[in-house]
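Presented below are the structures under discussion, each in the form of structure tokens.
Next, two complexes with chain A in common: one pairs it with chain B, the other with chain C.
This part shows the complex of A and B:
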């Protein structure tokens, strides 16, 4: 069962009506709701990867403070299936970064302004294409 | 730090009293413009007494269908609140501690466009 706060330990009534927060000036996104698990498409509309995580603040930082302005530096993609099921997080070296400056639109998908070929996140696919698929007879041209 | 470290982290007030868990992080695109879009800035945390199923977002949007599911999930996440990032004393992967005198806000997604995909 996912963690939860027992009803007896909750400090506030559940049905309390809270005021709406002042609306900020820019576009508002909820990270988990609007970004995580979204498909990223490159400038040609080809699928690149899914957004598995976001890099907050300086790389390698372990704590953040409300006094600091914390920015999303990059979208991260990597092997997160096992860690989502069993907990923990993959090592930083296994997470590939896509700098936020490459993002051009956020909607049902996240669109990038670069070609997927230029991104490190697709190195496995490029390696398999060049070293495995390319060595199969007929593997270097369109079957049509 | 990565977002996954913050999500589901327990939230305490300054006295160590448990308040819930971080179920989402609200971002605002008003940071420096380095590409076509401004960089997202961490604006607030969504804190709920439960962690599971909040990723569907029923407790903060106007989505009403499917009706039974929407009502159930909204009821399940009653007590969810929003707290400004400036009210966070320190956030680590283990816990988030709020400053004394922090303010709770409605978790509703702002503006008319609450059905944003």
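This part shows the complex of A and C:
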């Protein structure tokens, strides 16, 4: 990601002593490693979406100054994936959010405490179900 | 007793499900041009697919996560997106070849133009994907596909010069009338046919469809380790039939009727009928697997709800993807493109795409966060690393060889 710098061009002295990394009590999550690109499941274990991006900061507020504590406000999914791949930033009104308060567990999947039906991120799924798949005969019956 | 039946059924469907249009075409073409001098590639491919399928099945059973979810998580959206694009397109190419294969087999049985059969075949594929239960779909096509054993029977009936065939297989040399580049090009095609990536998407997603748990790992390993080698034997039998009948007559395989010709010569009408049933079942099974795989890969990348165990309405985008995939494949076939040619390209591109799925699976099979105590053992990893080199070499060499040999011609 970051361009490699030559030893002489580094913006800090070679022998700079770094402070000890903090060791907080409790579970430490790495947002990139444990949240981004993980599958989210709703309270019934049905897939909802993959975490395409995160919204940081207090919900609604867009500006952050340097010394603010950064919080994960929401998991984002949907068109925001395109900006993550190609760069740029979608307007805040276009984001499809899953509020962080709905998250109940973070493991190999991110589990939510709500039903997927209630979430905005699933509107495409609902649209396809109601207008295409649900209208084909047999679409609402168990297979077999 | 029930357990024993389950094991037997699993192995038999693994044998019947191993062969698809790619194996049929590539083995017949190779047999008719190179004799059995490329049989060693089938052996290499079978060991590879055993290793690969066994790893992805174990990852799915232990972690409950299917291949493409893991690829996305490990590689990030950019690399995984590129991977998805390549895998999805090659899978679509394979689906096109398989539906074409069904139509060609039905043409052999009925003498009706394949373009009349293509929509029928596509509709049949969709109906099964739409309504049938996963286990029934797997078992019926797998067991009917077993009738391709008739290739092995035909080989015996042809009274071939066994010594000569054994020499060709065990001391492979490039036949004098063929170039080295063509030889290696077909080696890669054969490798790609044996190790098609869709089998891995399908195998790992199928493990979740059938709700495998850690307890089922042993059974799945047995299915793969016994079933696939027998499938490989059938592959070699197809090549051997072509080597005995077509090679001496300088027949170059370009249609399905030439592939089944040795069987018809050896066993007459009855054998021909049986082999047509086998080809319809094998291509139908593979068409189902590839159309499901197209849905699996896309749904798993984007995190959609997927699976045949759900009602279609509960996995709407998954089912829509498969419908679009089948429609596109049908559209391509209706332009009267030759399905045999499509097949030849699809197996080579499969070989090109192999590292894209192989490497992430290998990484996750070693990740204790997913696998706990079921991570790869040392022996598996040693073999897996050797195969990583083989797969990379085949993948890198495929396109240059394709250009140099003019796609093998």
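As a convention for this text, the second predicted complex is superposed on the first by the 107 of 144 C-alpha atoms of A that agree within 3 Å, B and C clash if a C-alpha of one lies under 4 Å from a C-alpha of the other, contacts with A are read in each partner's own complex, and residues count from 1 in each chain.
FYI, contacts are C-beta pairs under 8 Å (C-beta built on N, C-alpha and C of every residue); 3 or more make two chains touch, one makes a residue touch a chain.
Treat the numbers as computed from the prediction; the structure is a model and nothing was measured.
Enquirer: Between chain B (first) and chain C (second), which, if any, makes contact with A:18: first, second, both or neither?
Expert: So A:18 only meets chain B here.
Enquirer: Of chain B and chain C, which one contacts the greater number of residues in chain A?
Expert: Per-residue touch count on chain A favours B.
Enquirer: A:98 contacts which: chain B (first), chain C (second), both, neither?
Expert: neither
Enquirer: Touching A:119, do we find chain B (first), chain C (second), both, or neither?
Expert: Touch status of A:119: no partner.
Enquirer: On the A-aligned overlay, A:77 touches which partner chain: chain B = first, chain C = second, or both, or neither?
Expert: second
Enquirer: Quick one: classify A:110 as touching chain B (first), chain C (second), both or neither.
Expert: neither
Enquirer: First (chain B), second (chain C), both or neither: which does A:28 touch?
Expert: first
Enquirer: Touching A:139 in the superposition: chain B (first), chain C (second), both, neither?
Expert: After superposition on chain A, A:139 lies in contact with chain C alone.
Enquirer: Identify the partner contact of A:54: answer first if only chain B is touched, second if only chain C is, both if each is, neither if none is.
Expert: Touch status of A:54: first partner only.
Enquirer: What residues on chain A does chain C touch that chain B touches too?
Expert: In the superposed arrangement, which is not itself an observed complex, chain A uses residues 36, 108 for both chain B and chain C.
Enquirer: Inside the complex, what are the residues of chain B that reach chain A?
Expert: It is residues 1-8, 10, 13, 17-21, 23-32, 34-44, 46, 49-52, 54-55, 57, 60, 78-79, 81-82, 84-93, 99, 104-111, 116-117 of chain B that touch chain A.
Enquirer: Note which residues of chain C are touching chain A in the complex, please.
Expert: For chain C paired with chain A, touching residues are 63-65, 69, 72-73, 76-78, 80-81, 130-134, 136, 299, 301-306, 308-309, 311-314, 316-317, 319-320, 369-370.
Enquirer: Spell out the residues on chain A that touch chain C in their complex, using ranges where they run on.
Expert: Chain A reaches chain C through residues 36-40, 46-52, 77, 81, 84-85, 108-109, 116, 124-126, 128-129, 132-134, 136, 138-144.
Enquirer: Considering the complex alone, what residue numbers of chain A touch chain B?
Expert: Spelled out, the residues of chain A in touch with chain B are 1-5, 7, 9-21, 23-36, 53-57, 61-67, 69-73, 76, 80, 83, 89, 95, 99-108, 113.
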